[in-house]
Amino acid sequence: MATSTTWLLRPLQERSTQLFLGILTAALAVVTILHLAMPEDSALHVSAYTVTLLGKYLCYALLAVAVDLVWGYLGILSLGHGAFFALGGYAMGMYLMRQIGDRGTYGDPVLPDFMVFLNWDSLPWYWHGFDMAWFAFAMVLLVPGALAFVFGYLAFRSRVTGVYLSIITQALTFALMLAFFRNEMGFGGNNGLTDFRDILGFNLRTDATRLGLFIATGIALAIGYVICRGIVTSKLGRVSIACRDAEARTRFLGYRVERVQLFVFVVSAMLAGVAGALYVPQVGIINPSEFSPLFSIEVVVWVALGGRATLYGAVIGALLVNYAKTVFTGVMPDAWLFALGGLFVLVTVFLPKGIAGLLQKRRKAPEKDRSNPQEATA
Amino acid sequence: MSIIRRSLTSLLIALACLVSVPAMAQEDPGKALLVNLAEAPSSRVEEAINAIVDSGDERARGWLEAYGNNRLSRIKDTGQVVLVLNNRGRDWEIADPLTGENLGEMSRRKLDRVAINNAIRGKLEGIMAMLDLNAADPDVREASARDMMGKVDAALVAPLEARLEKEESAAVRDRIEAALAIYRVEQGDIEAVEVLAGSLHSRARAALNNAAASDNSQLAEAANKALASIEQKLKLNKAAETLYFGLSMGSVLVLAAIGLAITFGVMGVINMAHGELIMLGAYTTWGVQQLLPGQPGLALLLSIPAGFLVAAIAGIIIERSVIQHLKGRPLETLLATFGISLILQQLVRTVISPQNRTVVTPEWMSGSLVINDALSLTLNRLYVMAFALIVFAALMMIMRRTRLGLDVRAVTQNRAMARSMGIKATKVDILTFALGSGVAGLAGVALSQLTNVGPNLGQNYIIDSFMVVVFGGVGNLWGTLIAGLSLGTINQLLEPWAGAVLAKIIVLVFIILFIQKRPKGLFPQKGRAAEN
Amino acid sequence: MSMLEQLTNRDQVFDFLAPVASPVDVRHGPILYMEDVNVSFDGFKAINNLNLTIDDGELRCIIGPNGAGKTTMMDIITGKTRPDTGSVWFGSRHNLLTMNEPDIATLGIGRKFQKPTVFEALTVFENLELAMAADKRILPTLTAIMKPENREQIDEVLEMIGLTALRDKPAGILSHGQKQWLEIGMLLMQKPRLLLVDEPVAGMTEQEMERTAELLTSLAGKQSVVVVEHDMGFVRSIARQVTVLHQGSVLAEGTMDQVSNDPEVIKVYLGEEA
Amino acid sequence: MSIKKHVKVGLSALALSVSMHSVAAEDPIKVGILHSLSGTMAISETVLKDTVEMLIEQQNEKGGVLGRELEAVVVDPASDWPLFAEKARELLAQEEVDVIFGNWTSVSRKSVLPVVEELNGLLFYPVQYEGEESSENVFYTGAAPNQQAIPAVNYLKDEIGVERWVLAGTDYVYPRTTNKILETYLKDQGVADEDIMVNYTPFGHSDWQNIVSDIKSFGSAGKKTAVVSTINGDANVPFYRELGNQGISASDIPVVAFSVGEQELSGIDTGPLVGHLAAWNYFMSVDTDANWDFIDAWIDYKGDDTVVTNDPMEAHYIGFNMYIEAVKKAGTTDVDEVKDAIIGVSVPNLTGGYATMMPNHHITKPVLIGEIQDNGQFSVVWETPSTVAGDAWSDFLPGSRDMIADWRKPMFCGTFNTATGSCGASSGEMAAEAE
């Protein structure tokens, strides 16, 4: 029925969203063309390296959007979103591992290499089904979703808020990291999953597949952005802002705050999962360090830098920081951490509303993107 | 081992006396002995050693120590045997083992170390212990008698028995008898089993285990009985030990977290750079030790105030430059301080070095406090435990009894009100943050005695610290103490059967679930204030 | 404000002001019934054997010195605080002690806080939209679309609370008094059976106060209203029944004159604060 | 508005790629250095970066090779495994380097491997590792398990008479594999199950109280006991401290470590550790002129006479010289030519012998056992009579028993199965792709 989808269509009438989608499509198109049409040696040629690099950025951007959804609009600072990202990644990684089949070093038709040389005799139960793409892709959504649901259900029901919530999300991802480091877990321990061959029958080591993944990521980002935008501009979005700013008041209006939080949290976790799933085939490895609490914090910093509670801000932040990382680790290997750290400090101190804040200042009547650095957190 | 460790110091003392001794006659017998040792093929080294012992030369002990400690070298081209006083860096400082006269520095390229390996070192320890048995100080005698255990061989039996006759200290006698008994049991002597029945010493147990496995049925039976009686005692000791482990781990957690309990708990600053402040404290310890080479103990004591100051000053800088701009925006402080932590880490990497630094453990902190042969409490951890409690007590005093504490509580509970009552809120902020940071520095000083001093030191503790503070209840120092100790203990209790990793995971999950039950931690702040 | 009279008189036109057909059963007896309620915050007895009944359609004023337990009482009724002992009934069918805030709210108890709490990041209009009686479960909220009639309702309330001009301004910029009004407006949107109004006129100008008074009185009859207020003048201007709370229990009850002549009450007030 | 920013970002990203593309200097031989300069691995890897830079400097003083200068291209993968892959791609695709020296951890190598194979690069990997790998494009100048673990165990067994074994390691693939190999080996040697204790701990494990006391009681069963430690990096300091304080001396229970070298010891107060062991293919204390010259050069390069050298540095020294020789031999830096040329090349190592590149891309190394001294150095107490050739596929693992690697034509296969007489899928196919 029409009404049930209007919330999704609403953003499409919105100027900012149209612009966002426009730019994104344009960027995708330009890169694709420059990659395919331009001759290798031309200065304008975009190499497969750059394509994959941009693909990675887009994954991060999607993750950042997911984080901004919960932090910006729900006031829940999750220091554990890396966990959902990584879980999505592992689901995809397991699929890719199974795709290797008997082309592994030891030529075992079923067992991945790391299981063979740590002599596992049979596939652990949770690895079954991942040889089927549909199942794996379903898991990409379901596993992070389920974790977020259980965790969120417990936390929000007992009204764990603010710093406490942030810290236990951190505990969550930290515990998962330790768990995945254990080789007994059967996820390849510290080495994680790697040496992937092909996805849906396309060879991962060909530029065509890379371009495909890049475009797929772009589309995923577009969809994710529209979904978030849809939620945010719907009445539910306003309710979640209400929860963010005055939880008790919202309850007295008859809204079940914990359910609102749970819903948005789960959606966000699933988006993070998708981001992870697209990330893995492009970087070619997934290992427990993605669970590292520090990574999750870094993601939050991207969002803060781009500007909270403005979804596009999150995208800007993610792209900017990671681009800076790529450049600095190349040009000033010994000192790039100074630059990065300094950037974080300066932004938080001098741009409380991030880059998006800067942009908003310039326009007369701000659009319906509001951030509320005060409160919102406590 | 303990002897080897003491070696260098006592060696230098020995030499000091030597210098006073009138210069030796032309053909010093010692020279021959040393050259003989230096040139002996590994099969004949033992003879060479015994030759030195039998010579009765009062310098013998010094030589053997030097030898056991890799401090004897041959000058390649002259073949002369020398003592290496300082064996670090490109040029080594050497001395004449006969006169103790300092021969200045020589490139390590020109020196050829007199080889030794564990087998010989083991023998050496036995011999040294034997020599020490004649020492005047009964404690030294007892120590060396303990070192004797399991090192007795046929050659040593006679002298030991002789010694036993002369020995008046009961403790030492017991030790010697035990040492002999171990040898005898190994020889299949049943009476000796009785002697070992009560002993918890691992070597004694080893001997009994072997006996129990032997085909001599009576011996085996007797040994088994003795072992059974030991097992009981062992269980108790094991329990006590685990508890100690738990508390010591707990006190480390408390130390690491207590500073955060102030900056984060009291001021509400989510200080991600806390770990790096700890790191600064640790590096200060290293720095002070560099300034006072050879006096690690003194250096360590001095670095307590130093570490506090350095970290506190760093804290003030952070507060002034960043945090004061983020009033009432706790989560922003998280981001900013995260940036700071990155900077501090890389700063240490570039300014000092990406490698870990050596922090020496002073004599009085190494080794362990021996309750009995099965239960001994490691000294460094014992000190850290005490230190943690002292720091905690001091903080309590400051918070409860001093003006600062009062102001802090006032400001944190109601800033505006406190201001209007003439309290300089900014000043209080600075002091509070400095205090919290300083305490972090103290933690660093303590940790430098337990773990790496390197750029990553901080990261290893930051998350645990947050867990402890949150688990204990933000803004409650007692909470932090209880939380730290209990988490540490739980962890250590789990470890034996769950393994290190699983234990940690279980603890984390436990914290998560606990927060569900008590969203404000172990000791939540109560009353209307806590509502909003 | 004559406008306001008209509004409130001709409620059949503005049907949204009429009481909702709620499941609350008031056929026999009061709409709110509290008996022997006790609450203590670590040792301190905030509510002490409180007994209170509010009849359907009644306008009740509750006065009392600070710490008398007024706000705590409201917390109990709205489910924010659970009493240690006692029973609280909404009508004769609903035991409020078994419900949580949202349920109680949807059941028809609206609350205005002592310190006006509106959603500062949202516009005045949106504040009212959120308050509007509607299906407040997740998916309906997500897919909700603003129907013309809803818009009218909101505009009318905007009219009534005199914030039409500020319709699309974020509530954060409103003055204290305006926030009070906005919050009252939100109450109206909720169409509650029972309104709990905590210090509605704090920080209001004289005429703002009068308007508030008129609004509240006009509501009485159709909806039950409980007003907690310090301002005696205001209380006198609206009060029919007054309850005096002291140290967590009812000290006196009756008309304004009765209670104000009650020696106990006088003692308490002179004793603590005027 | 936001959108403008997007454009900027997007374009600048392109700009980056473009700019990088345009720089592809023809003349100098580009040597990529892929070692972490920040993050957790910086501790170990920074010195390797300096080593390669020093070697390049020296080579240029000798006039480079084939009349061409060498030029270092340094990047920082920041101890971040996906970043390793990305940086490797940057080096090969953008910088177009001729050879890469890099990686420390297994996971970083695993993450780089597909990239190097796809873009047909050359990677010299200088660290002792778990084996079970042989890539056409990678040259393993560090020790394989049979060049470190097995000889060390033999030494303990035969020279010290150890009968009871504790295999303690950090929980990742290198210790796991090494311990698997050792377990099988020891059992073949007739060691009973109850005489083997295996224990794994997480990275940077700092509280060793329980484990050490377990080792203590395990050691008091009567038989001579030794600990074979594959504990990694940071976890070692607290481990050895605990050993010392709980009074476990080298003469009671010796610990032989495979990941503790001079570099790690420089961060430990070695007083209490005297007599504990380590097995490597190089020790700084080895008394040869080649070694002393190398050390002096290193000291001068770092301008600090307390700096130490270690085994992976020697591995880079060997690898670097082998590359130079191979380039001379091939007369070009073309990857495929060099790959062919380098097999069989042998260069002097620092311990007075020669290292030869085997057809399986591993090299021959002597195995030395050293005892820790109080100055953070090792004194060699035993060494293999001759050099040992690295074995890519362990004979003690069921999966790889029958496998060999030989990168000479016609076999040209990293996973040749002698049982089936066929080339196992993976590497062969990769090679095919790489062509």
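Things worth noting here:
Letters are used for the chains, namely A, B, C and D, taken in the order the chains are written, and counting of residues starts over at 1 for each.
To be clear about the criterion, contacts are C-beta pairs under 8 Å (C-beta built on N, C-alpha and C of every residue); 3 or more make two chains touch, one makes a residue touch a chain.
According to UniProt, the chain labels map to these proteins: A = Amino acid/amide ABC transporter membrane protein 2, HAAT family; B = Amino acid/amide ABC transporter membrane protein 1, HAAT family; C = Urea transport system ATP-binding protein.
Since we're looking at a predicted model, the values are computed, not measured.
Across the two interfaces under comparison, A-C and B-D, the one joined by more C-beta contacts turns out to be B-D.
Each chain's centre was taken as the mean of its CA atoms, and the one lying most distant from chain D is C.
Taking the mean of the C-alpha atoms as each chain's centre, chain A and chain B sit 44 Å apart.
Distance between chain centres (mean CA atoms), chain B to chain D: 31 Å. Mean C-alpha position of chain C lies 74 Å from that of chain D. Of all residues in chain A, those touching 2 or more other chains are 178, 181-182, 334, 337, listed in ascending order. The residues of chain D that reach two or more other chains are 37-38, 171, 200, 202, listed in rising order. The set of chain B residues touching two or more other chains comprises 345-346, 459, 501, 504. Of all the residues in chain A, the ones that touch chain D in their complex are 16, 19-20, 22-24, 27, 30-31, 34, 43-50, 52-54, 56-57, 102-108, 114, 116-119, 178, 181-183, 189-192, 194-196, 203, 205, 283-285, 287, 289, 310, 312-313, 315-316, 319-320, 323, 326-327, 329-330, 333-334, 336-337, 355-356, 359-360, 362-363.
Residue ranges of chain B in contact with chain D, taken from their complex: 1-2, 4-5, 8, 69-70, 87-91, 109, 112-113, 115-119, 121-122, 125, 202-203, 205-207, 209-210, 213, 241-242, 245, 248-249, 252, 345-346, 349, 354-361, 366-368, 376, 378-381, 450-456, 459-460, 491-492, 495-496, 499-501, 504. Note for the complex: chain D touches chain A at residues 1-3, 5-7, 9-10, 12-14, 16-18, 21-22, 37-38, 74-78, 80-83, 85-87, 89-90, 93-94, 105-107, 110-111, 113-115, 118, 132-133, 171-173, 176-177, 180, 200, 202-203, 397-400, 415, 417, 424-427, 429, 433.
Those residues of chain A that touch chain C in the shared complex are 3-7, 231, 234-236, 238-239, 241-242, 244-246, 248-257, 259-260, 263, 370, 372. Those residues of chain D whose C-beta lies close enough to touch chain B in the complex are 37-38, 40, 42-43, 46-47, 159-160, 171, 200-202, 204-207, 209-211, 213-214, 216-217, 219-222, 234, 237-238, 241-242, 244-247, 249-252, 254, 263-264, 266-269, 271-272, 274-275, 277, 285, 287, 292, 296, 299, 305-306, 371, 373-377, 379, 381.
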